[in-house]
Amino acid sequence: MIHPIRLFITGGTFDKKYNERNGTLFFKDTHMSSMLDLGRNLVDVELRTLMMVDSLEMDDEDRQVLLNQCRKCANERIVITHGTDTMEVTARLLGESITGKTVVLTGAMIPYAFGSSDGLFNLGSALAFAQSLPEGVYIAMNGRYFTWDNVRKNKDAGVFEELG
Amino acid sequence: MIHPIRLFITGGTFDKKYNERNGTLFFKDTHMSSMLDLGRNLVDVELRTLMMVDSLEMDDEDRQVLLNQCRKCANERIVITHGTDTMEVTARLLGESITGKTVVLTGAMIPYAFGSSDGLFNLGSALAFAQSLPEGVYIAMNGRYFTWDNVRKNKDAGVFEELG
Amino acid sequence: MIHPIRLFITGGTFDKKYNERNGTLFFKDTHMSSMLDLGRNLVDVELRTLMMVDSLEMDDEDRQVLLNQCRKCANERIVITHGTDTMEVTARLLGESITGKTVVLTGAMIPYAFGSSDGLFNLGSALAFAQSLPEGVYIAMNGRYFTWDNVRKNKDAGVFEELG
Amino acid sequence: MIHPIRLFITGGTFDKKYNERNGTLFFKDTHMSSMLDLGRNLVDVELRTLMMVDSLEMDDEDRQVLLNQCRKCANERIVITHGTDTMEVTARLLGESITGKTVVLTGAMIPYAFGSSDGLFNLGSALAFAQSLPEGVYIAMNGRYFTWDNVRKNKDAGVFEELG
């Protein structure tokens, strides 16, 4: 039996909403619960929203908060939703500092609220990898997984890939 | 580097369509390619449609076809989309007969064409489990995975669970 | 200022749901309120569900109920959601019997719950026609309107058209 | 028989897309054809894209282009898709200058691409009003219609209403 998976929310494209008053995108509440419902998820998860930011605006202090939360929680398996633009930066920090846990970062290229998002696919894969990969820090995107020290976002193509 | 994953399509709720002429549900072509596109999948997959049936109508001969295909393909990792009603029957046949490969069956409770399906979540998790679980035959549903000899569909609740 | 529009629900494809336990389609509650919300409708409507049936199963008694409701309500403008298969039969009965009111029947070829329905488009047009057409009984489908005595469903093409 | 309806596209929220590279909203091609397909529209329409702009950026010259196009086209019935922020400004210009035609402006509060848009409802009502209202210039939003000289957008509520 697998212990509950800790699910940390940090924002990112996953949770962007459309403001119909002024036509901009913004963050309010996470869509994570409705995504888990839509997926009929029965994995035992403990959900916590740590912040709700675009990852371009995530600073060192934010990352330190996230690292501390990953360290001190009792869970051995953790999934983190995160903006894709700096996901590799956060993965590196966590990868250099965390041992004894399986941590999987995931995100989305299209907001879930927009009806045709890659987010549900990524969430399904991230929860699966968190259950089945050995300890370590990973990024799960595009159906694949990457170890924290061998991944970057190819910003032109909008996809994740191994280094060099 | 992981070899391509073989993706066998057998039909099931995943691929049901609505016939607007007579108001019934039917099978035509698989939605698998558009699902993989929507998920921005970059896992190397080799897609093959073996049949397109409701799993209640899948017979011994159909299952034998599927078993033979799993055996003879070169791929060591296989994902099978399958109706949920008899998924455990097929998993048992495959589990008793296949060695040296990781085979993951998955399905959906709501047709993908209906806009709010669990299928994309399940597909993401199935592809992830196929990459990360050791050899064996598994069912991936509701974010979880089950070994072929310890799973059944709880038809009242519409979910998968361990035996006894 | 236009008086409230009476909105009678009778079922039809508009309101079919997918039963994920047994894979069939069924009726439960109408989606009309969520459709009006999605359309940000501000037309004053009075909603009443009269029945919830496939129009192939609507009998003479059902149609008499609908006719009586149309006659006795105080509203001069009425929209009726109705299955498309016998919409022309009901329109004929109402057209031969009702004077002094604008009555618009509408429906859908794809259930609203399936995410990509023509229903929202038809509902928008039906409410508009009910506000702007002179008294009479009409069918509003495919963006067009038809008078009750010059319309039939072309079952092969799945569209509505004038007679002869 | 009603002549073809001219359908002028000017952009607006209707046609905003999400740029998954940088997370902003932008215009590219109109979604009008797929919206008409989704609605199974059979009204004869002649589609022309005049510009593709946010209505806050529409200037006097743009409006003059639109006015000239409305005047010189042979069609007596015209639907215009338009951003909601300055829809009343354009309606006033057209209303003061056009005679002998029925012109209906419509828009959306949520981009069509976002899956749960009011756009399809508004499009259905605009096409219906264009077929059934007498000559004049109108705004069709929220299921209602307004004459050009008695309408404003209530920016706080995000809805259209009559003046004072």
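To keep things simple, chains are lettered A, B, C and D as they appear, and every chain counts its residues starting from 1.
Everything that follows uses one rule, which is that a contact is a pair of C-beta atoms (placed from the backbone, for glycine too) under 8 Å apart; a residue touches a chain by one contact, two chains touch by 3 or more.
Keep in mind that what you see is a predicted model, and the values were worked out from it rather than measured.
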Note to self: Counting one step per pair of touching chains, how far is chain D from chain B at the shortest?
What the structure shows: 2
Checklist line | For chain A and chain D, chains touching each | finding: none
Checklist line | Interface numbering overlap (same over half, different under half) for chain B and chain C | finding: same
Note to self: Among all chains, whose Cα centre is located farthest from the one for chain A?
What the structure shows: C
Next item on the list: For chain A and chain B, let me know how many angstrom lie between their CA-based centres, rounded off.
Entry: 26
Note to self: For chain B versus chain C, what separation do you get between their C-alpha means, in angstrom?
What the structure shows: 39
Check: CA centre of chain A versus CA centre of chain C: separation in Å?
Finding: 45
Notebook entry, point to check: What residues in chain D touch two or more of the other chains?
Noted result: 109, 115-116, 158
Check: Which chains touch, pair by pair?
Finding: A-B, A-D, B-C, C-D
Checklist line | In the complex, chain D residues that touch chain A | finding: 13, 16, 18, 20-21, 23-25, 54, 109-111, 113-116, 155-156, 158
Item checked: Contact set on chain C toward chain D in their complex -> 35-36, 38-43, 109, 115-118, 120-129, 131-133, 140-145, 158-160
